[in-house]
Each structure stands twice: as structure tokens, then as C-alpha cells.
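Letters A, B, C, D, E and F mark the chains as written, and numbering starts fresh at 1 in each.
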Amino acid sequence: MTMKSLSLLAILSLLALTLPLAIASDPSPLQDFCVGVNTPADGVFVNGKFCKDPKLVSADDFFLAGLQNARAVANAVGSNVTAVNVNNLPGLNTLGISLVRIDYGVNGQNPPHTHPRATEGLIHFQANVGRSPAVAFAALSSQNPGVVTIANTVFGSNPAIDPNVLARAFQLDPKLIMDLQAKF
Amino acid sequence: MTMKSLSLLAILSLLALTLPLAIASDPSPLQDFCVGVNTPADGVFVNGKFCKDPKLVSADDFFLAGLQNARAVANAVGSNVTAVNVNNLPGLNTLGISLVRIDYGVNGQNPPHTHPRATEGLIHFQANVGRSPAVAFAALSSQNPGVVTIANTVFGSNPAIDPNVLARAFQLDPKLIMDLQAKF
Amino acid sequence: MTMKSLSLLAILSLLALTLPLAIASDPSPLQDFCVGVNTPADGVFVNGKFCKDPKLVSADDFFLAGLQNARAVANAVGSNVTAVNVNNLPGLNTLGISLVRIDYGVNGQNPPHTHPRATEGLIHFQANVGRSPAVAFAALSSQNPGVVTIANTVFGSNPAIDPNVLARAFQLDPKLIMDLQAKF
Amino acid sequence: MTMKSLSLLAILSLLALTLPLAIASDPSPLQDFCVGVNTPADGVFVNGKFCKDPKLVSADDFFLAGLQNARAVANAVGSNVTAVNVNNLPGLNTLGISLVRIDYGVNGQNPPHTHPRATEGLIHFQANVGRSPAVAFAALSSQNPGVVTIANTVFGSNPAIDPNVLARAFQLDPKLIMDLQAKF
Amino acid sequence: MTMKSLSLLAILSLLALTLPLAIASDPSPLQDFCVGVNTPADGVFVNGKFCKDPKLVSADDFFLAGLQNARAVANAVGSNVTAVNVNNLPGLNTLGISLVRIDYGVNGQNPPHTHPRATEGLIHFQANVGRSPAVAFAALSSQNPGVVTIANTVFGSNPAIDPNVLARAFQLDPKLIMDLQAKF
Amino acid sequence: MTMKSLSLLAILSLLALTLPLAIASDPSPLQDFCVGVNTPADGVFVNGKFCKDPKLVSADDFFLAGLQNARAVANAVGSNVTAVNVNNLPGLNTLGISLVRIDYGVNGQNPPHTHPRATEGLIHFQANVGRSPAVAFAALSSQNPGVVTIANTVFGSNPAIDPNVLARAFQLDPKLIMDLQAKF
């Protein structure tokens, strides 16, 4: 096993090593971790996730393989975001943290966006200004921060926003707005 | 005094009536209210506001006149937002709430925006679809919610964002981006 | 449609306009809004509300009609509070904010009370000191702030508090306490 | 040293024993404890307390003697509340907890009150229904919970509330209200 | 009834006295208290507790008898911790507070530990340095603070930690680590 | 510039790119970021950091170079933790997140520890079980999570804990405890 692939396993298994200690020392493990499960079949929803039965929790609930692999960036913006959040690493539930791997091609960008459920909620973007591809690992202060990409949201919403409204907001011709809405 | 003008005074003086009761009953009034003051002259800053000396607090710190007056809407978007937040009503400091009056002309809009420091942080807008002017009073879950208007922020930032970056993000011609940047 | 009625529609439909954008841009809409539903038939309770299935959420969940209508104030205290909270506007669930319309007759008052689940928790009251009826719109920093009216709670609790206890607390004759308990 | 007096020392010195460990193990002790100090001479106020220079903190900042002594209860309500909060045990600052000793005479009561800065904010009281004096130790979920005693606050505020307002609120004769205001 | 036993009843029944007032004054008692119930039979888990049907709540949910009795301290560490938390006093659910009685023999100790779910999370211990047994009552800022006793957790986890790992961590011989693991 | 070094620059400069947009769009940038500064010369302390004058904030406040470099692991535990927190990246102040790079030699370990100011506060450790060195990047849910290494804290505190106390806690001979205290 090379150093690189081991390192990525290590990132994701930090919490798994804590499990035996937690179960041994505390009679209420459900309060120490709450592995997220999908909404039960009876259609009861909560804002967040229900917890997996703590007796059935295993180290696999805290592990995600493959973060070491580069992703394709041959798309409109020249980048690819791989999110590790509560939806694919259920052990993150209630822990308030998540991780993304971002691959950038030359001149690639992660276009202007906000995270509606993380502390850093201003509009921001990144662009690769180097002469070679790049990769970043970034942490976010939410188990499920979400992303609202500005261009997609404004011009690609479904149902579409009235083009006259967007024309006045962006000081553009309504016909150009309709062209943009067709693209997104 | 007409009913209408009294009502608006009433909105803003609710907290003022609470003051004598608070001061009479609790030996730590600073913990019950913390009227915001500007950063002191010695240049010490905190994320929020320092508190006014509680012995100097008066009902005026909880009062703002004039919210009953209509505002001009003859501008590019046909609306006018009057914010009542901790900056002009210092008694709101630490209370987690604020208010806006929004005047809309016919076809006026409050263009797409987010509030970076309030719970409702998704992109939203309002448009007057009636045949007459309109006015709304809205409450926000922050003493200073802020507003990030999408079009101004993306196309009007200072310093300006590289037009090639925005051209790729919005799938528009770089020349059109530069035109937009000139407008905002 | 007059300006007045439109304005009140506007207050209540701000969030509704956000819905299509939210659904379009985020794969986890349940984390962006959690429309409150009543406790399910199987008797499972949580402190707050369960969420409506996000696929069934509609703009009606964020709308309440009729806030423009004056309410009767011919009662013992000469006022009438119309609350807009998570119980009648289920879209407020998890958003931490609510609104009240308060109608006051001449000499009317909203008697001394506290809000057990909102930041402003000191005892406070309002009284109409003008010569005409008045109306106020007030925002509260909770989706369900509650109200504990002092006189009703102390003298009207069910079961009643021992009159001898209240007599010592308020330094009143036990017989007078029993008279008060009969009124509330 | 008797068992009883030792026990009370023990209650108050729990945190003191933690200090050497904290200082030894963490390079940022200010984040582990923040012993409250009075507002500095230059009149800068914050909602809470500034911290004592962590280098000057000692075990005395976490100790209060004398909680084992019974207090006099020969007063109007027949009880005596001894509060241990951030004002007399500065080490409690930022820890979110405090303690009270309550002495009750026969038929004594801790009259109806609320705690504006602790979770339990409903109106409550205790009464000694036994045939001998009693003592209770109670914990509160705030370093400075405050107390708003209903009767004192409503009838004893300074400046006094207009007797006509209170007469309508409590459905009592204005003259009786004025009698009550004279007592409190 | 002696003063001592009454005092302990008083500690635990403070909240019970509040119930009639709460139910009388607020139409949403579930938001004022949420008596914890065990996870329902259908295996749905949340981080915390579901609430008892508020219509079935009674004063018994806020009462625990027997805290006045001394506990045996003839064990390896010479102390005995009696915890009063949400698991045996279900009315504490959502209130953020709990209580422990700690009995210490001569030279007894509450060995080094942390509380994973309370504000005071540094490693701490207490030791009886007096010449007689001692007792302490301590409050914690969580309804279920948990306890992680260092020695038990590190040397007594199940499954056991690899002795070579612990030997390097504690700079001890692996054989000594295995002896310790056998004791705990 | 190689891809690897660019990627690490990218991690740390994400926030820097946001700055011009924030300053352009919000009149209260101090509420959007609060770059930490050291306690001012007049000895006023708060639990956290004061903010840098927002007019003097620059991209350098959000940048830390060198995270791409491997660290020496020739020490007692065979690992090396490089922390990126508010103390060396002041722009993290108030953002609730930090990052560590951990280098592990063969058989190296990050010994049992807790983080007193991050959500994950149970005792945990990592050990390199591969046949080559490894590196991990881990995110923590605090701008300054701290670390309490169990062995150092218990056996290396200054002043030292009474060896008899530790001997009883760990069921070891007092002489062995003194040997351990000499090592740490």
C-alpha cells in the first residue's frame, strides 16, 4: 500500500478507531454518535437524520473509499467537486463537519456559489491560475452544507423565473435571459 | 394621532416599555439588554457590538421614528428597502431580530438576494404582480442580517472579478460581462 | 386589489417565492425548510414538529390570509392578539421567527406577560395611550414563542394554587385571592 | 474537619483541581476557562464578563466558603435564597451553570418567579409543606440566571406602572393596586 | 418528616410544582417540557429522547427518591457516584442540567475522567484529603453528561487496544500493559 | 508550479477569494469575518479573539504556506501533528473550523487524546498499520479545538499530581507512577 492511498484511508477512518473506546466507556453511545439512516418507511421526517440503532453501528459507517482518485474535469466549468457528507458517510451525522475534494483543470473554476447550511455563506469561487491541473481538499462547518450555484439557481430554476423579472434584476435584455435559461 | 401612525410607533416601542420592569427586578440588567454602541476609539473590535453602559440606557435606544412614510421607488428595480436593524435601533443588539419595510412600485421587484447572517439564506426575491404600489413589513431572524444582492455582488464587486472567469461561470461572452460590470 | 391587501399577502408569501429556487438548486430541500406537521398517529412526540414530506410541500404551506382585518377589542383588557406562528403557518417550522398583529381599543392594553421561548423573556406590556384605536405588527425570535400572561397564570391556573400561598406571595388577604381566582 | 463541612468545600473546589491539568496540557487555557472580571475602568461593556488574565487565575477563583450555614428566614415570605453565581464565584464565567441554597421556614415559600436567562423560564414557586424548616440545593442552567419575582416586579417597579393599567390587567380596584404598590 | 429528608424531596420536586402553571397558561406544553421516553418499539432512534405524550405527564416524571442515603464506598477507588440524569429523572429531558451525589471514603477518589457531553470537558478528579468520609452534590451542564473514566477507557476497552500501541503511548513495557488490561 | 503545491495553496486561499465580494456587497464586513488579533496591550481578555480592524484585513490573513512539506517523525510516538488553527491562520476566527496535517512513520501513532473544544470529544487515537510512512489531513469542528493527550496530561502535569492518587486510579505501584512522571 502506498503512502498516498493509506493517507486517504486514514482521513476517513479516524472516527472508526474511536468506536470501541466509546462503546466501552459510556452507557449512552447514541449521544456520542448518531449514524444517519434514511427516513423510515412510514414517512416520518425530521430536519436532519434519524439515528441507526447504536447496537448495529460498525466501523463501515465511518469509512468512504476512493477519495484518492482524480476526477474528470472535461465539462463546462473545468472542475469536479466530490463531496463527502452525511449522505455518503453516515457517521458524520450530528458532528457538524464535512469534506470536499475539488479537481480543477487548467483554467478550470468552481463557479460562484454559496453554502446555505455552513458558516461561510457569502458568494465565493475558486479558479486554477496555474499551468497544470490542481486538486484541493476543503473542510466545511456542516455535515451537509449544500451548495447553491448562482448561475444554475438564477437561470436554471424549475419552474423558470419570469424572464422579465430577471431582465430587470440583471439589467439584461429579456431575450438574452431566455437564451441563458435555455443553457442552464 | 391617527391609528396608522400610532401603530408604527407601537411597533418600535414595545421593548422600551419593558425597561423599567427589567431595571427594577434584576441586578444584572446588562444581561437582559445590551444596547449596541460603536466600536470605541481605541480600535478594539468584536464580532457584534459592545454594550452601552446600562446605567445610561433610555427608552430612546429602543425607538425609531418614521417607518410609516412611503419611500421613493423611481429607481432601476422599482423598490426601496428601509431596514430597521441594530445599526439604527441599537436596542436590538443581542436580541436576534430585525425588521424591514419594503416599498414596491408597479412591476417593482426586490431583486434576487440572500441574507448572510439570517436563517433564511437561500436566494429569493419578491415582485409586485398587482396593478398598484405595494408595501410589505418583513421580520428577519438576526439583529443585522445583511443582504447580498446577486447581480451587484457578482458584476459590481470592487475590485472587479476577471471577466473571463465570469464568462465561463455564466456561459456568456466576455465582452457582455464587461458591459454588465460597467453598469453595476 | 388595493395596496393594503397586497402588502399583507406580500408579507406572508416571501418564503413561497423562494421554494422553486430551493428545490432546483439543492438536493436536500428538507434541510432548507421543514414544514411542520402534526404529531403522527402512532403517538411519537418530539420537542418541535416533524417535517412534511418535502415532495408534498407547496406555496400554501407558507401563506396565511386575513392578517389585514381588524379584530374585535370589546373584552376585559381591550385588545386582541392575532398570532402567526408555526401552528397556523407551518412553513415557519425551524426558521426561528413569528409575527403577531395586535389590535388595541382606546385605553386597551396587552397585559403583563412573558414569552417563555423567545429571547425577550422579561415581563412586559403595551398600553394604547392615544385617543383612537391602534394596531401593531411585532416580530418575535421564535417560531412558537408562547405567551404566559401573569394574571391568568397566577390566579387562573388549573388546578388552582393554594390561596394561602398566593396570599403570602402578594401580601393580600386570602379571601381576596379567592375572589381573583374566581374571575380568571 | 467534619464530613459536612468537607462536603461543601468539595462541591466548590471541583473545578480548582482541574486547573493544573488544564494549564499543563493546553496552550490556550483562556479557551478552557474564562474567570469573570468586572468591567474595566475604561467603561467598555460586553454582554457577559471579560476574562481575568489566565496567567493570574488561581484556585480561589473557583471557591466560595460558607454554603453550609443556615440563613435567617424571618421575613415576609419565610425563605432565604443564597445564590452562587458568576458574581460571587467568578470561575463559573462561560460555564453555563450555577447553584442556589434555599432555606425555608415552616410555611415558608420561594414566591412565584421566573429565571430570565435559564432554560426553565416558566413561572414557578416552592412552598415548605412539612412541619419543620427545610433546605434545598438547586442547580440552574446559566452562570447568571437572574430572578424576576412576579409580585415585586409588577407592583414594585421603579418608576411605578400606572395603577389604572395594573387595575385592568389584574381586574382589581385601582385603590387596591396603589396599596400593593406601597407595600412592595 | 425531618428537615434533611424534606430538603431532598424539595430539590427534586421543584419542577413538579411548575407543571400546573405551565399547562394552564400555554397551549403548547410540549415545547415547555419534553419528558423523555424510551425509544419506541418500531426502532426509530434520535440523538436524545422522544417526548412523552404531554397529556400523560405527571409530577412523578420530575421526582426521584432516595438521594439522601449514603452509598457504600468499599471499592477499588473508595468512592461512589449516584447520578441523577435524564435516564432516571425523565423530566430533565431538553433542560440541559443534571446532578450527582458523590460519596467518598477516607482517601477515596473520583478518578481522572471527562464528561463528553458537558461544558467542563477537561480531565479532572477529586480526592478526599480529610480524615472522615465526605459527600458532595455537583451539578453538570447537560441532561446526560456521560463520564469517560481515563483508566477504564484506555486499559479496559472491549475489544482491547493492541498492547503495543498503548505501550508506545504510555512509554510502558507491553507486558505491563497486558497486566493492566487484565485488571480493568 | 506543480499540481501538488498548487493544491495546497488552493486549500488555504479559498476564503481569500471571497473577500473582495464580501467587502463589495455588505456594509458590515466585520460580521462576515473577524480576523483574530492578539489580546490588546491594555490586558482586556475575552474567551476567543478580538477582531482585526476590518479595513486592514487582507488576503494574507487567510493564507498559510508550507502545508505540503513532510514533517520529521523521529520522536517517541513516531508522528507529527501540524495544526492550522486560528493561532496561525487568523482568518479562521469565528468560523468554527480548522485543519491538521498528521505525518506518521512506520508503526507511528497519534496517541490517545481528546479535543476539549470540538464536537468529537471522546478519547481516540490513530496508528499507521501500513508498511510505509503515511500522511492524513483531518478537519475539526472548531477554530481552536485544542488537544489533551492522555498520557502527558495525567503523568506530566505541572505541578505533578500526588503519585498515591494516580496509583489508586490506575491500579499501579506508586513507584512506577513516579517513574512515569519522570518520563513525561
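Just so it is clear, a contact is a pair of C-beta atoms (placed from the backbone, for glycine too) under 8 Å apart; a residue touches a chain by one contact, two chains touch by 3 or more.
In this text, all values refer to a predicted model and were calculated from it rather than measured experimentally.
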{"item": "Chains in simultaneous contact with chain D and chain F", "value": "B, E"}
{"item": "For chain F, the least number of touch steps when starting out from chain A", "value": "1"}
{"item": "Comparison of C-D and C-E (more C-beta pairs in contact)", "value": "C-D"}
{"item": "Relative to chain B, chain with the most remote C-alpha centre", "value": "E"}
{"item": "Fraction-based call for chain E against chain A, same above half, different below", "value": "different"}
{"item": "Euclidean distance of C-alpha centroids - chain C vs chain F, Å", "value": "45"}
{"item": "Chain centre separation in whole Å, for chain E relative to chain D (CA means)", "value": "24"}
{"item": "Separation of chain E from chain F, taking each centre as the mean of its C-alpha atoms, in whole Å", "value": "30"}
{"item": "Interface hub residues of chain F, defined as touching at least two other chains", "value": "21, 25-26, 32, 42, 44, 46, 94, 116, 122-123, 125, 127, 148, 153-154, 161"}
{"item": "Pairwise chain contacts, counting only pairs that touch as defined", "value": "A-B, A-C, A-E, A-F, B-C, B-D, B-F, C-D, C-E, D-E, D-F, E-F"}
{"item": "Footprint of chain B on chain C - complex, ascending", "value": "1-3, 6-7, 10-11, 13-15, 17-18, 21-22, 25-26, 32, 94-97, 99, 102, 104, 119-120, 122-128, 130-141"}
{"item": "Residues of chain A defined as touching chain B within the complex", "value": "76-78, 107, 109, 111-112, 114, 116, 121-123, 125, 127, 148, 150-151, 153-155, 161-162, 165-166, 168-172, 176, 180, 183-184"}
{"item": "Interface residues, chain A side, partner chain C - complex", "value": "42-48, 87, 116-117, 144, 146-149, 152-154, 156-159, 161"}
{"item": "Chain D - residues contacting chain F, complex", "value": "20-21, 23-26, 28, 30-32, 34, 40, 42, 44, 46, 50-54, 94"}
